[in-house]
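Structures follow.
Consider the two complexes below, in which chain A is the common component and chain B and chain C are the respective partners.
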Partner chain A sequence: MLFNSLDFALFFPVVFALYWFVAKDHLKWQNLLLLVASYFFYACWDWRFLFLLMFSTVLDYYTGLQMYDAKSQRMKRFWFWLSVGINLGFLGIFKYYNFFAESLAASLSAVGFHADFWTLQVILPVGISFYTFHGLSYVIDIYKDRIKPERNFVDYSVFVSFFPLLVAGPIERATHLLPQIQSKRVFDRNNAVDGLKQVLWGLFKKVVIADNCAEYVNMVFANSENYSASTHAVAAIFFAFQIYGDFSGYSDIALGTARLLGIDLLRNFSYPYFSRDIAEFWRRWHISLSTWFRDYLYIPLGGSKGGDWMRIRNTFIIFLVSGFWHGANWTFIVWGLLHALFIMPSVIFKTNRNNLEIVAAGRIFPKFKDLTAIVVTFGLTVFAWIFFRADSLAGAFQFIGEMFNASMFSKPEGVRNTTVWMIVALVVVEWLGREQKYGIAKLVDRWPLVLRWLFYYTIVFLIFEFRGSSQQFIYFQF
Partner chain B sequence: MKQFLKKTVLFLCIPMAVMLIGLLLPPTPRAEQSLLLVAPIKDSMLQHVKQPRIILVSGSSMGFGLVSQIVKDSLHRNPINTGIHGGMGLYYLLDNTAQYIQKGDIVVLAPEYHQFFGDFCEGNEELLRVYFDNKNGLDFFKLRAVQLKKTYPYIPRYAMSKFIPSQYFNLKTQEFYSKRAFNEYGDVNQHWGQTWPNPVVFEKIDGDYLNTDVLQAVVEFNELVKSKGATLYFTFPGYLEHSFGVGKPQIKEFEAALRKTNLTILGTPEQYIMTPDLIFDTPYHLTKEGATKRTQLLVKDLKTQMQKDHLE
Partner chain C sequence: MKSFLIKLTVFVLIGAAAFHLKSYLLLRNDKYQRKVSAREVYHVIGKSQQKNPSRKVLIGDSVARQFFNSESENDTLNSLASNQAISLAGQYILLDNYLKAGNVIDTCYAVFIPSSFQNNLQQLFTYNYFVKPFYKDQYKPLLTETVKNQVEKIPYHGVAQYFGVLTNNWAPEFVSDDQQDYAFFSPVSVEYIHKMSALAKAKHFKLIFVPAVCNENQRKNIESFDKTELAKNHIEQEFAGYFDHIQYVDSKEFVDDMHLHAPEKFIHLYQNQIR
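The block that comes next holds the complex of A and B.
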């Protein structure tokens, strides 16, 4: 069930009505309803994988309790590694086994040995990387004595499988989400209206921006040798907007939906394409994953406390693992590696925390220096996205090769004006709203009611009139 | 909460009302030029063309891929080319044709390969438009459940299209994609003699699984045709060489499944591969020369089979 489907438009009002009218005064019933709704939501993709989700939930719930109740450090460690091992084992089997088997076979074949490993014909369960990381953070936090385990199984299950975040995040933390699940929710009209606005903006980003860009990007990447260099460049830029519209649009819908149910989720995007360097980009892109890696990998590895070499080493590790998290393909690893290289100057010269404040805060136009930095940073991310989008490394290098030749100055082929205008509209609105939580949060708040509604109706109209052909959310595959 | 619900319902009611008005308004001038407008005309042909008849069923690969005059001259049967647009979906093509089949008809079914993969057979926006612009809109709700599920999301967009200026002004469209594109047999012939600068090339057949439900629907259609005293032959569309090459694993998977059924199959997919010079604007749309070649191949296969079946 996609957020941008009429199935969801029917599903959600039913959940909303039951949640706020039938189960309103009973927290237990509200949580049980959320759990049933979440499992139904997940089962709509493939009911068989519901058992995997349930198993993962039971595993982390049980090992969390065992760790907390363990009489010795040895037993605590045993339960911890059991949970981590099984969680990563599932991830390894479903997501990475074929990659390792094929890569090993290719390496052996390169040195003259023939090895024929079994490959698995398995479908990747939707959202497995997200709920595995969700569960892992819970288990690690208990092991490190940062939190106590949740003893109510329903509450814990809702924490893992709450449907707005189940398949593509944000990756929540027990310290943030569990207390909200445990406490009584009170309907707040302003919060709900804000949630609806965020859902609307998310739909615009997904349906109008991402899906329209996807049509062009798919056309060029599928048949790149037939297009000019300038067309390649446009496709690469469109992919940058596609993945942003797709993933941040999904996050906006998830956050808005959760707010309608009285729950605040972690913010996942903060206008990443207005970043002035790569370090700032990573503070603004997929924030819940970046902070997860910071807290559960970078800091345990020593963070930046062990001198320059350790900082450099840890930065490379983080980016390579982050790339690999996205998918079992060398393209993702190279994407991560490129970002590690791009961020390296600021790590070495310790300028990675130079741009912490919002760009051009309180002003309409940025300074020339900021604008230049934004354009350069965007250019670097667009270049790296080529690897992220390509099916193989060879395909990525071919695409880049075709992007730099004399036809760079010819007119790009097949670009629809409406797509360009919609991207311009997105950039303008997000720039104007960059000091808020999402693009249109406060943009028209001071306008008279009629104009405000007209503005929202315009977005609704654009969604229906200019929606691209429906595409699966990209991050579902991770 | 009450105020929130009141305002939300009010906010939603306005576009709902606009949408309802959009649905009830007559087709826009642009829609009236669309090639979909021939759907009722082709239905009328299916009702009124005299025996002996041969009905050719598919999407635009049939509309753009047949010279019916050759069929008529060679087989001495009155051809009815029902091909309009693949986006109407194979379920629609089967169900719509089924109601007009008469005793003695020969039905030739040659769907695009895309119809057998994923949910393409359930139809797209074109299916919705056929009903709301050209037929009785209420009949739309009598379609199969899978067709409704696939196409109902297009309702808001369709309704809103009634309020878009481009639907009323600057209506110039390609003649071969208009209602004027067809000859008396239902062939698209407006493009004959023209060339298209950059034909689309399919790099894959969309839809990640072979849809066995639609294959079963074809088998059931065959039973229905037989029960009416008519004969069904299954054959393959003309398809661009390159697109055939990249889609070959899927096409062979489909062919293997097809050959396990009790359908009478004419020829092979390879037989109907078309070189680029015979292609007009998409891998299924043929030039006059392409359509002639395809028709001659089809007639040859048909003659052989009809002799076997004592239908000549």
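The block that comes next holds the complex of A and C.
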């Protein structure tokens, strides 16, 4: 069930009505309803994988309790590694087994040995990387004595499988979400209106920006040899907007939907394409994953405390693992590696925390220096996205080769004006709203009611009239 | 909560009223048919219902349409080429319409690339290209049980003729769970090849299946086709020579896997087959 589908448009109002009218004032019923709704939502993808989600939930719930109640450190460690091992084992089998088997076979064949490894013909369970990381953060936090385990199984299950975040995040933390699940939710009109606006903006980003860009990107990447260099460049830029519109649009819908149910989720995006360097980009892109890796990998590895070499090593590890988290393909690993290389100058010269504030705060136009930095940073991310989008490394290199030739100055083929204008609208609105939680959060708040509603109707109109052909959310595959 | 719900209801009602008004205005005089993504389908449906002096008619997929544009008029060969997404069931309806309009023909060219015959009304495009334009009461007598069963598998097929849905490009998310146990000829295609043959026999015209120009990168796949599938489906006669006459063009000439950058460069490839 996609957020931008009619199914979800029918599903959510039912959940909303039951949640606030039938189960209101009864926290247990509200949580039970959320759990049933979440399992139904997940089962709409593939009910068979619901058992995997349930198993993962029971595993982390049980091992969390066992760790906390363990009489010795040895037993605590045992339950911890059991949980981590099984969680990563599932992820490894479903997501990475074929990659390792095929890569090993290719490596052996390169040195003259022929090896046929058995490969799995299984579909990747939707959202497995997200709910596995959810569970892992919970288990690690208990092991490190940062939190106590949740004893209410329903509450814990809602934490893992809350439907707005279940299939593509944000990756929540027990310390942030569990207390909200445990406490009574009161309907807040302003919060609900804000949630609706965020859903609307998310739908615009997904349906108008991402889906339209996707049509062009798919066309060029599928037959790149047939297009001019300038067409390649436009396709690469469009992919940058596609993936931003797709994933940040999804996150906006998830956050807005959760807010309508009285729950605040972690922010996942903060205008990453207005970043002035790669370090800033990573503080603004997929924030819940970046902070997860920071807290559960970078810092345990020693972070930046052990001198320059350790910082450099840890940075490379983080970006390579982050690339690999996205998918079992060398293209994602190279994408991670490129970002590690791009961020390296600021790691070495310790300038990675130079741009902590949003650019040109309180002003309409940025300084020339900032604008240049934004354009350069955007250019670097666009270049790296080519690897993310390509089906193989050979495909990525071929695409890059075709992107730099004399036809770079020819007119790009097949670009629709409406797509370009919609991207311009997105950039302008997000620039104006960049100091808020999402693009249109406060943009028209001071306008008279009629104009405000006209603005929202315009967005609805654009969603209906200029939507691209429906595409699966990219991050569902991770 | 109360004020939130009242405001939201008012907002939704105004939006819904505006949406329906717009849909209604598009429905009047069939304006929507020139606006939606399947506009070429509505165009050929309209064209198929008109009288035409030509005694040759051509049906086909979007590759055929690149060569034989259905938008332009031609007194010797009337092109109703549209899109593979309408399936052979849709193509049959076009042909039937054309004959019912009082047109007399001596030849019908059916120009398709081989993969067009794989359409079993199980595609994402089926809703906009087949269900909306063809799954109507007036055409239902022409539809087989296989077609009806396939359409009924598509969610929200029952609301396709509702004007709020009909007049725009909305289609439900749909992933078919059909098991494809054929190489090229789907059950729907086979049924309608037989129906077209029967129609040709009854109305005394020649039905000639002509292969549309194919991408060189498809050669291996097409040449490995096991022709026993033709015998199994009793369509050897209709496809005698079809697979032997396929013309392959270098991949660089294609915009995607199927459509050419400049089809006019290759129109001569049809000279011997379509006169």
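Everything below uses one rule, namely that the second predicted complex is superposed on the first by the 478 of 478 C-alpha atoms of A that agree within 3 Å, B and C clash if a C-alpha of one lies under 4 Å from a C-alpha of the other, contacts with A are read in each partner's own complex, and residues count from 1 in each chain.
The working rule: a residue touches a chain if its C-beta (ideal position, glycine included) is under 8 Å from a C-beta of that chain, and two chains touch if they have at least 3 such contacts.
All values derive from a computational prediction rather than experimental measurement.
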Combined model on chain A where chain B meets chain C, clash or fit: clash
Partner chain in contact with A:109 - chain B first, chain C second, else both or neither: neither
Which superposed partner A:464 touches (first chain B, second chain C, both, neither): both
First (chain B), second (chain C), both or neither touched by A:225: second
A:392 touches, of chain B and chain C: first, second, both or neither? neither
Contacts of A:2 with chain B and chain C, given as first, second, both or neither: second
Set intersection of chain A contacts, chain C complex versus chain B complex: 5-6, 20, 187, 189, 192-193, 196, 222-223, 226, 453, 456-457, 460, 464, 467, 470
Residues on chain C engaged by chain A in the complex (per definition of touch): 1, 3-4, 8, 11, 14-15, 18-19, 124, 155-156, 168-173, 251-252, 254-257, 261
Residues of chain A that touch chain B when the two form their complex: 5-6, 20, 187, 189, 192-193, 196, 222-223, 226, 453, 456-457, 460-461, 464-465, 467, 470
Residues on chain B engaged by chain A in the complex (per definition of touch): 1, 3-4, 7-8, 11, 14-15, 152-153, 156-157, 160-161, 164, 201, 203-204
Residue numbers on chain A that touch chain C, as the complex places them: 2, 5-7, 20, 187, 189, 192-193, 196, 219, 222-223, 225-226, 414, 453, 456-457, 460, 464, 467, 469-470
